[in-house]
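Residue numbering begins at 1 within each chain, and the chains themselves are lettered A, B and C in the order written.
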Amino acid sequence: MSTHIDFLDVSVFYGDHKALDEVSLSVERNEIFGIVGPANSGKTTLLKAINRTIDLVTGTKVVGEVSIDGQNVNSIKNVHSLRRRVGMVFPLPVGLPLSIYENVAYGPRRAGIHDPGKLDEIVERCLKQSVLWDEVKDRLDSLGTKLSGGQQQRLTLARALSLEPEILCLDEFSIAIDPVTTMKIENVLVELKKDMTIILVTNLIQQAQRISDHVMFLNDSQIVEMGDTQQMFSSPKQELTKKYLSGEMG
Amino acid sequence: MSEAVHNPFAGSDFETKKLRKENRVKGFMLLASLVLIVPILVIIGYLIYKASPVLSWDYIWGDPGPLGKSGGIWLPLIGTFYLVVVSLILVAPIGILAGVYLNEYAPSNWFTRAINMAVTSLAGVPSIVHALFGVGCFVLTFKMGESLIAAACTIAVMTIPVIVTATREALASVPQSFRDACWNMGATKWQTIRTIVLPNSVSGILTGVILEISRAAGETAPILFTGATAAVAINTSDLGTKLMPYDLDDRFMALSYHLHVVAEKISGMPEEMKYGTAAVLIGLILVVNSFSISLRLYLRTRKKW
Amino acid sequence: MAYKKKLLSGLGTKIDRAEPFIRSLIYVSGWSSIIFVIAIFFFIFKEAAPILTKVDWGSFFFENRWIPNPAEGNEPSYGAAGMLYGTLAITVVSMFIAMPLGLSAAIYISEFASPKVKETLKILIEFLAAVPSIIWGFIGLVIMGPLMQKVLGIEVGVNLLNASIVVALMAVPLIVSISEDALRAVPDSYREAALALGASRWEVVYRVLFPAAKSGLLAACMLGVGRAVGETMAVWMASGSTENIPDNIFNPALLLERVKALTATIASEMPDTAHGDDHYRMLFVIGIVLLSISVVINVVSDIVIKGVKNKNQ
């Protein structure tokens, strides 16, 4: 089974500051790849390098090769099509100031899909996948920004799924939402991995333990250790890893 | 039984004296604010009172009589209307797009800084200098002659900063998180601007537009030598001519210039005619501005996030 | 399937395909302000250029002899000192009135007023700002002039004081608005810290806010000055339009003298000139002086304001 996403000696600079230091990793298809580490260790930067939203930040430089299915992401001419293949969920829930329906239809519309039947189908599928359908199915034209935090985060997930991405990245998605919603989304992720590869950046160590297949410990822009989840948690090789996973470190 | 209990929170002498000084200063500042505002309200009231003998529907609809000593102010009023419309058509697209550029596309470098300085400089150029520019550039070099179009171009250049600033503020008030969410879904910058950012900036941009309308209607200096004239020989018996008396290359009458003419230049001008013109002008400006203010207040209640 | 393929190419609609064209429009519009500022300089210099070499600058700046249309046989002279004095005097006196009023109002609105009062005052000041300069001129000429004549027993009501009051009221909204911005830029933590130490709110203002916001407040005053220097119609109608340079500038009676400003000169004399004659070109020379003053004021206050923003970040 060939790997889906590869990083080869990738370093990312914000001006002079090194946010990622020669990171090399491989993510396999249809797995949940967990990334843990303290704040400012480079986790978000890593995600941004995958869909090239790092390019939108001024003064950044990326060295090394990030590839999807063996193809260097920098060689993809249409960066927008790359971003459509990668779904992204942020820490803070963001509801666009549109109706719930239009929130989920936003991505497909920008990609050129305007057929109402097709859009109806996409909206329903994604809202069901993100366990939001039952709560909002009767008020699809109410404003997305007026939902609760937990609902908005599920809406964000629905949007991320609307373009049937092959890769789904989640960046500390549970920070601003309640534990019940978090649980719901975790179950969804386990379901979704048969259709896509999932990269889960999280500050909740138990969350990584619960659902990821592999986990990587990133600290201070560098990979400390990475491997099979069971193994990492039961017998980590590095002292630092042990400290972090047991909760001793911030 | 009441007993005087020492109140630990009462102020000491020092503190009470400080508080009294603060109240005096507060009072002084409130007075200063009122000094600014009350006289102008009184004056405007007085203006309208002195104009009342003349204010009527006929006054607005009728044309000025000989030398403006009698009759109405229709020709100047409609002239101001067209001046506003044409200048708006000229300035709004450029101003709005410039605002979009500055807030959404411009990189943080010296060139952008220069553009920002140019915008504020443009705002600070004296209105009579704008008139000189209008003469040198539009009237002479572009051979528009003294005309409605030359005056409208001059006003347009003068009001660019108004539209640019209002657009920028409106765009900046849209949270960055919306843009990030769109970009991560593969939307291009322009798609994001056109579908999320601009539609949610309309109210702010509209306030800029209304402010431009107010300026264009009230300014006199920029139109002094670029097209405004004291009298035109136009027969308005035909409704079509009445509603559109000026071509783009005609000289035109404008309310602000008309006020200047009747206030100073003509001897034997009946007082009410002077006050009448002033009252209509200031009334127009105040009405336009209250649209802007009520629009802002109304939209504040309809926030989408 | 076609749906998937569309996802990957993603040009949604016709308007999206036009994006590169729209982008160029946006960029060009963005540069337009610089283009127009340069254009203003260019065209003003162009009209003034032929005469620039012939101008007697000493006479222009220091002699009060502005005679563009002399009697038969005499040479015209363009000594603009009288108008320079007029502009200077109006600016100084109006700022004397506008700065204290404007700053007080800004401080009151920003620091002391309750939200409702604040809202009302801001709206009223916005209306004040909307009053066009010709109306101010009208007020000065037709209302304040006769009032002054009656109250002060003078012969002529249009003079330096009249024009200065009117210009002050025009500059105040600008001063208030920018000072308010400057005060708002001072972090609340400064205020909270001072209050926690027992300062009264007034002490917070003059001990903490003034020092912290002083660049912004300075910039506000500078822009007020710019407004006063550049004001045309109000000054023209309310100042009496006579060049005068008094002997003793500390005599308060000079407030009641008639003056003439640079702006008013251009406005009043342009209709009497023909495109291209010397008088016409000299008016453009005055335009250069005014343009330079205003651009310098704007650039300097822009730098000052930027300095404030960087400091408070």
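In this text, a contact is a pair of C-beta atoms (placed from the backbone, for glycine too) under 8 Å apart; a residue touches a chain by one contact, two chains touch by 3 or more.
What you see is a predicted model; the values in this text were computed from it and never measured.
Colleague: Select, from A-B and B-C, the pair of chains that is joined by more C-beta pairs in contact.
Modeller: B-C
Colleague: Per-chain C-alpha centres versus the global one: which chain is nearest?
Modeller: B
Colleague: Among the chains, which one keeps its Cα centre farthest from the Cα centre of chain B?
Modeller: It is A whose centre lies farthest from that of chain B.
Colleague: Quick one: report the Å distance separating chain A from chain C, using the average Cα coordinate of each chain.
Modeller: 53
Colleague: Mind checking the centre-to-centre distance between chain A and chain B? Centres are C-alpha means, answer in whole Å.
Modeller: 48
Colleague: If you average the Cα atoms of chain B and of chain C to get two centres, how far apart are those centres in Å?
Modeller: Each chain reduced to its C-alpha mean, chain B and chain C end up 15 Å apart.
Colleague: Going by the contact rule already set, what residues in chain C reach two or more other chains?
Modeller: In chain C, the residues touching two or more other chains are 10, 12, 16.
Colleague: Spell out, as numbers or ranges, the residues of chain B touching 2 or more other chains.
Modeller: 186, 188, 191
Colleague: Which positions in chain A touch two or more other chains at once?
Modeller: In chain A, the residues touching two or more other chains are 80-81, 84, 110-111, 163.
Colleague: Within the complex, which stretch of chain C touches chain B?
Modeller: 10, 12, 15-16, 19, 22-23, 25-27, 29-34, 36-37, 39-40, 43-44, 46-47, 100-101, 104-105, 107-109, 112, 121, 123-128, 130-135, 137-139, 141-143, 169, 172, 198, 200-203, 223, 226, 229-233, 237, 263, 266-267, 270-271, 275, 283-284, 287, 290-291, 294-295, 297-299, 302
Colleague: What does chain B use to touch chain A in their complex?
Modeller: Residues 107-108, 177-178, 180-188, 191, 195-196, 200, 304-305.
Colleague: Mind listing the chain B positions that touch chain C in their complex?
Modeller: It is residues 15, 18-19, 21-22, 25-26, 28-30, 32-33, 35-37, 39-41, 43, 46-47, 93-98, 100-102, 105-106, 114-133, 135-137, 140-141, 157, 160-161, 164, 186, 188, 190-191, 194, 214-215, 217-221, 224-225, 256, 259-260, 263-264, 274-275, 278, 281-282, 285-286, 288-289, 293 of chain B that touch chain C.
Colleague: Touching chain B in the complex: which residues of chain A?
Modeller: 51, 53, 56, 58, 80-84, 88, 90, 92, 94-98, 106-107, 110-111, 143, 145, 156, 159-160, 162-163
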